[in-house]
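Listed below are the structures to be examined.
The same chain A turns up in both complexes below, where it pairs with chain B and then with chain C.
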Partner chain A sequence: MIAVVTTMTTEVPAPDRVTQEDIEEAARRKELIIRWISRISGYVVVLGLWEWASGAVLEENLLPGPTRVLQTAVELFQDGKVFPAFGASLSRILLGVFLSFIIGSMIGIITQNRWFSGFFKDAITIGLTSPGLIWVLITALVFGNRWFGPILAIILTTFALVSVNVAEGIGSLPKDTLDMARAFKVNLVDRNRHIVIPHLAPYLFTGLRFSFSIGWKVTVLTEIFTASSGIGFELRIAQILFRQDEVLTWILLFFVFALFLEKVVLQAIEDRFFRWRKEIAST
Partner chain B sequence: MAEIKIRNLHKEFGTGADKVVALEDVNLDMGGHVFVSIVGPSGCGKSTLLNILSGIETPTSGSLEITQSGHKAAPGYVFQAARLLPWRTVMDNLLFVQQDKSDETRARCQKYLEMVQLGDKGDKFPGELSGGMQQRVGIARAFSIEPDVLFMDEPFSHLDAITARSLRRELHTMWADTGKTIIFVTHDVGEAVELSNRILVFAQGGRLEDDITVDLDFPRDAADEEVAIAKASVLRKFEEFDLLAT
Partner chain C sequence: MTAVATKPPSSSSGTAIPPRRPSSAPMRFIKSPRFARAMFLPAVLVFWLISNKLIENSWDFDSSVLATPREVWDFMWAEVTRDTVAPKDLYETFGISLYRLGIGFSISMILGTTIGLGMGLSRAVNAFFHDWVMALLAMPALAWALFLSLIFGFDNKGPIIAVVLAGIPFVIVNVREGVRSTPRDLFDMSNAFGVPSNKRTRHVLLPSLYPFLFASARYALSIGWKGLVIIELFGGQDGAGWTVKFWYDAHRLHGVIGYSMFFVIFALVMENAILEPISRRVFRWRPSLNSPDIVEEEMDALYDVEELNRELDANLPTGSTQET
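Right after this comes the complex of A and B.
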């Protein structure tokens, strides 16, 4: 008798393979979660301490808590005070930073010449080292509440930042790449458009970014001293009337708006124009 | 076929006590489907000659003619470093040097990217590619303008030996397929013997010391006996002209 032995094999589906990409994606997700948890924790701790300190450490009139500030913010929005105040400050900043950018860039360009470099050398050093408050005081004394006082203060505080960045960008123009373009008979317009401007863009952007953040501080300061509109003006009125909740509300709104500009608007511009850097960083 | 005529070419840098002679009274005729290598020690004027040929620098005196069927020839250039625009994609880097940016031109650029094995990298930024790949893009860029004559300045000197060897083979295939005139500067005698059918030996002070014809079949391999003998023969010329000491 022959015994027939058969073996049966059961196909077990292979587990899904974990690729390097999956591991990297999981690590990225984890990193993102940790970053957001820590960021939110920071807000929760500060707001919690603030709420507790209001009443427990200082009287509520002297230190209104976040809930009171939030209520005041809603009231200010309902009264239609917020947008005109921000509009007035923002228009001053934009005009001031724009003019500072033009003047600073021109100085950055002409300082490539040795004579102009000597001519502007100390002015740029003073511009870089002087606190904005000096220009705020001077322009407030000279121009009072005339509209160009804050603009001039912004220009005097920030032009040197733009000049230095532009000069550095021009000084480091990639000669090899420009020679390459010349060897391939690329015309001057295309050389400037595709080599000079993209090379200068990060320098210009850095100058613009710093000018903008300093411009905010200078504008609010000048408005506190002289203006009859804007965030600084509203802060001064609230302080005179001893409305501490309004003072804190304006400051908080200022923080929120500054964060929005930095993290959303400027970040979007940076992502759009400097995508190639991100691509390189990710490799 | 491109024709290059160089007559009494002289190039000096600086003045007075700082004067340096980079090229001294060079006379040359090159042209046709030829691969010419220029070899010599550092500072012998190899790159200066190439820069003058491509119009990056002007000679102090002498004349230079690069023609194609009686007209001014269009040159292409491959540099020691790829010199790509980091903010433009690989395809845009090729399009940057084109006179027109039509679909036809784009297709031609794609063809040359494929010839250097980078057909799928057109949308990548240079920073995402390895050094060898970037140099390939530089080669594709030079070929993509379909030049009459191609100038190459030590294009493989920054690369590792294996990558350089692979690129040399690709370059040689492209030269054979396209029938271009290639003028190739190198300090590597072995590379010159492997690639060229004519080798110009330059000495310090920019003097053309010798003009050697390498009459061996392609493709050549550095390990081949005939190639090794030819290399030894060129190196003997170096000894003869006392170039090794420099």
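Right after this comes the complex of A and C.
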């Protein structure tokens, strides 16, 4: 309303004409209020239901409420269990995702060749569709407690995502720019540095983010079967001891942490990387 | 990296194509992608046997831990012919799992469509559910498996709820996207011509929703299946996941690999023999819409600005829109 008044005083005639912008502005503000009220009520209702259900629907030991989960989280932090476990899991994830990134991109590159594309076609389909659980169990049986069993499982479940993205990126390389570079006798290093890599970067990042989001889930699963440290191991212990509150707390803690890494850290790196190229950073 | 850049962009780019060396028919056959594809399986088998040998030689392994392709094949054949030492044979096992998957899938479709419709039609409802749906979308099936198996024990309830929880966010997000992509002009026109709302739903909303419903059904099935297997593994006494665990606990690698093969075959059959023909049938009249953009993960802002503007335009008082 204030906006309306000021426009009426500053602009000369326009007696009772409310501009399009004002209407949009008002609608937008109303929209924002409705959105936030609904959002907050969503949180209140879900958390409230959860708190009420623990105790009323199921026993509190079976379904610990949000307050209980918070308490347990504080206890776990005070015991100093959280950071070693996170560290162990995270190092596995990083190593696995890194290796799968390299192997996946290599496969993505050589599938530019028609023969290899045919050769790896089924491998990529299998890699994309088979549940991680299969690889986890197989590597667990073969390699037991050795450190590279889990890593291999991560690689096998995530490499195809990277390959598909890399292959797609290479397929859409700007041909005219490459041709021009060749016509002007730009050398190989510069051509790669200034054309190929900048063009591939968004695809690589997408592949990386996808493989991370699958990778951390697989890692936790492998740790349940074969590790003696890490989130999965702690989960397993808590489940064997029937400590539902700890099960829930561990999984939620790690869930939040992984989402933070994926959506905030990786996204920030990506945005920073693409600062010079606004149209990509925004997508 | 270098391999890509050195490779000239294939044909069509002005430069003269060097005359191709005449190659003999068998060479051409060996160089064809189809032959390469056929070579994949033998290559895997050879790789398998060699790595078996390597592992056996490099560590002190009891070679019975490792499985040979032959053993896996024999195991699978025995399972198919119902000759098994597991308490339930292949068909019963998959029957049990399929039953759970079916019930969980139906519930997640019905509930998910309802919530998705609500979220697509009303922005308040959307804001209410949005964050929780996104959280569900990223939640690993493992979390549900551990959690629900402690609550429900070896019941049917746990697996069914796990299937629902794994599949429902995909249904919700896809249906919401479908509602948002319904052609607004058609809605406006049917409004202007006074078409009753039940007819409007049937002829305008539903046809544009179908592709999205299909996409979500596909996703809910495949994700639900993966979730089901994991929860059966941790909190079950029968079903496909439990049976894999049975072979795992018995340290029979050929059992684990063979059963995993059944999973893959099962997924392929479900996709190619059931879903694909149905979708082709349903979309015969509209071939281009067979494969809509599937919304797998949408973690970005609540609304994109462009769409918000469009909706605002539509909702503005009529007088002002006519002016512009």
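Throughout what follows, the second predicted complex is superposed on the first by the 222 of 283 C-alpha atoms of A that agree within 3 Å, B and C clash if a C-alpha of one lies under 4 Å from a C-alpha of the other, contacts with A are read in each partner's own complex, and residues count from 1 in each chain.
Heads up, the rule we're going with is that contacts are C-beta pairs under 8 Å (C-beta built on N, C-alpha and C of every residue); 3 or more make two chains touch, one makes a residue touch a chain.
As the structure is a computational prediction, the values presented were derived from the model and not from experiment.
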For A:Pro198, select first, second, both or neither according to whether it touches chain B, chain C, the two together, or no partner. first
Going by the contact rule set out at the top, does A:Met180 touch chain B (first), chain C (second), both, or neither? first
Regarding the shared-chain residue A:Lys30, is it in contact with chain B (first), chain C (second), both, or neither? neither
Which of the two, chain B or chain C, is in touch with more residues of chain A? C
Regarding the shared-chain residue A:Leu62, is it in contact with chain B (first), chain C (second), both, or neither? second
By the touch definition at the top of the document, which applies to A:Trp276: first (chain B), second (chain C), both, or neither? first
Overlap of the chain B and chain C interfaces on chain A comprises residues 179, 182, 195
What part of chain B is in contact with chain A in the complex they form? 54-56, 74-77, 79, 81, 83, 85-88, 96-97, 124-125, 127-128, 141, 145, 151
Mind listing the chain C positions that touch chain A in their complex? 1-9, 13-14, 31-37, 39-41, 43, 55, 65-66, 123-132, 135, 138-143, 146-147, 149-151, 222, 225-226, 229-230, 233-234, 241, 244, 248, 251, 253, 256-257, 260, 263-264, 267, 297, 299, 302, 308-309, 312, 315-317, 320, 323-324
Residues of chain A touching chain C in the complex: 18, 20, 23-24, 27-28, 31, 34-39, 41-43, 45-46, 58, 62-63, 109-110, 112, 114-123, 126, 129-131, 133-134, 137-138, 140-142, 170, 173, 175, 178-179, 182, 188, 191-192, 195-197, 213, 217, 220-221, 224, 235, 239, 242, 244, 247-248, 251, 255, 259, 263
So in the complex, which bits of chain A are touching chain B? 176-177, 179-186, 190, 194-195, 198, 274, 276-277, 279-280, 283
